[in-house]
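Letters A, B and C mark the chains in the order given here, with residues in each chain numbered from 1 onward.
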């Protein structure tokens, strides 16, 4: 956060219903209630931290309408309906200053094919490569050193971070964001054994990324063997996620960091996969399924909206129970040994 | 798939032994039997899907020689010995149009050292960097924005995708393919604790990648501490695989996505590691060993050709059995509690 | 290893206290005792390999002062206090020749903003992008194709490998090393559900990497939601590690390859995380905690200096014990079945 806001400026952004305290202050940082120093703005996002408000050293605090306390000297309370949402409005303003809209046009150091079609309002940053027949939509921004392969298609208002890579003939919808090092359209991993060697199966399909998808740094998405690998509208993919060829990810899914989805698997809409989890190939995962971190789906999930965990994944409650029981295994082994001994004694006794 | 094929063109490619139906058709897409629409070509790769042939809407179908049905109106059957192989021939033709042979030569935007030796038939694409004394073989293609470090050696007919990275003095054989974001020759991860700090152990070895290796997007292969990290001939490595320093991967191995091999470990030939699996450092894994997805090898495997799974990995059948038994743990605990109660009763009875 | 060393040159580097054998030799490679060939230098780093010295074919051997054997013909022993340290001195010399200090200055192909402040002794290699207001310290080296975003700050003596990426306003201390494909400062992964869609929570914080940190190839470190994601001084991070937004990694930690740390988690100083291990979000991990490979921390660790393993992670010894007991489950199930049968018999007997 590179910027500073006066209380007057903050008032214009969050439109508080009530103001208490010193309106002459200026803030230059955002911080959590407990970490804040003078010069910071903070907020009460969760009622359970209400007690921290009194002790907070923040200069400006965003608080809910029903907040009763009074500000300290050199402190200002802005009372709003939703302090989290108000903070987000301020963040959005800062975001604009962090990533100002670049000027439209192609940087002279970029290498752009004559047959590429680049919208007049688009920005192609320094040292980008745009190959033949590629299409880039209005207001789309290629930050720097981006690669756009032959015949690739990019919609409107997309943002491709420095070093991201969109391979030949792959397609992005509108408002798609690719972070640094993302590779879209690498070959699927397909080989056939021919005389003891792995012969490559041509991978001639594409990747289609629908609108409003965001893809984290260094994630990889392979092109289909033929046809399409698809990421559905509104899905959000975190860093270092791997999506294999012919996978279909539904709409509004969440794939956390380091997830891997093996080939030809389908995730229906609203699936959530926790960090480092995975799904085996050629399975179908029902709408709204949630997989805990490190969980591994190995078979179809047909019932929608359930939670799974463990490897191989099983219903979440069952897995939690097994974890508890496993930790009791030493006792169980002892108990069974004890039973065995007692039974031996009893057998002897009853044999007597 | 950007191209279209008439039946006449398809006949020239797959050389069918028999043709049934309408030879005037044209196809523009490849699709599975069940997904195909008019205008698509499809194929019967596995006899178990034979029933789908009748219902398929594909315009052209590649079928085995013994296929008995008749095409619908506006449909054409091409009967060939091996429909999968015939499809691969068509795919290979499309592949050529997706990635046409580039013109030989160095793009004017590339930065190439005067002391680098670049074969006359090689292509160095836009914005590549080739440092001093690097050697690039005949017909090798650096797509764009590729980095080739000082003294690195690349054989013939290699393909280095946009943004791939071959560090100083590392070596590629012939027909090696690196996908986007691959890093070959980053430093091995080696430190010694000196006065409470981690002092770097110099990593001065190289990475040697033998011929016919393909390496997936964003995979990383570290240079040896000294000597060589080796990937054997014909081995195929999927996206986001990590190979640590001094690892030796044998010939014709398969490492699926997100696999990690820790330092100084040796995989013998034909080892297969499933997705997200791993191997600890300083171990040796016998020829033909297979590790299931997410499996973790923690010790030497001396017997060749066996299958392992689980973490820590154990023989596959044992692991499967344990998974089943674990799910029966709640019953086992109950049963033991029951036994305990009954034994108490019995003890009382027999004490009476 | 591209260079050769005469015994005379080696003497100058390692200052041996005693020399035995042929001082006319030259070596061109470093190899382990058992692998060494004539022309190689080797060393006895661990007394348990003493027996291999006699059989080693190395031309020159670095040996401890108390070594008693005599060299073979055309072999030379250099006796030093610490053979490993002596080898490291030689390696450091080779390292300098592998990565010679580049000339200071900005390569003409780099695209550098006029408002960037680049120290006179720094090197900005070919095809780098340095955006407005970025600051680059003395002797820092951007190898090639590096991206430095607007307002980013880099200290002295840093090394950023080809293709590494430092996003806007993020900060590196002194002597920081980023390997190929590292992304520092991608957006944190934060969304709020609004009307069934994932609305982006602005990520306006930064990443601060303190001095003497090294980060492996293709690792990713996300900027904070607001405030800072921090990597403490002297911490070493291996390839493909993922550090989420608002994470604080302490000083002198070790994160091995493919580790993932979820959002807002704090690792205190000297934490060690094995390969493919992970930590859930919003937890605190006490100083000196060690996590075995593939371990998964899911809750706070308050006691310092303990070792954990398994998923979910538990104390190492307990996990080892459970692994052993799990493998004995088939026997346990049989034993319990046996007990059940015997008890049934006993009940009948005693009922009679």
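Just so it is clear, contacts are C-beta pairs under 8 Å (C-beta built on N, C-alpha and C of every residue); 3 or more make two chains touch, one makes a residue touch a chain.
Since the structure is predicted, the reported quantities are computational estimates derived from the model, not experimental observations.
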Contact graph of the chains (line, ring, star, complete, other): complete
For the copies chain A and chain C, the interface residues, called same if over half of the numbers are used by both and different if under half, are different
Between chain A and chain C, the Cα-mean centres are separated in Å by 25
Residues in chain B with touches to at least two other chains are numbered 109, 127, 145, 163, 181, 218, 240, 258, 276, 311, 326, 332, 336, 339, 343, 346, 350
The answer for chain C against chain A in the complex is residues 109, 111, 127, 129, 131, 145, 147, 149-151, 163, 165, 167-169, 181, 183, 186-187, 189, 191, 196-198, 200-205, 218, 220, 222, 225-227, 240, 242, 244, 258, 260, 262, 276, 278, 280, 296, 298, 311-312, 314, 318, 321-322, 325-326, 328, 332, 335-336, 339, 342-343, 346, 349-350
In the complex, the residues of chain B that touch chain A are 1-2, 29-32, 35, 88, 91-92, 94-95, 98-99, 107, 109, 125-127, 143-145, 161-163, 177, 179-181, 212, 214, 216-218, 234, 236, 238-240, 252, 254, 256-258, 275-276, 293-294, 311, 323, 326-327, 329-330, 332-333, 336, 339-340, 343, 346-347, 350
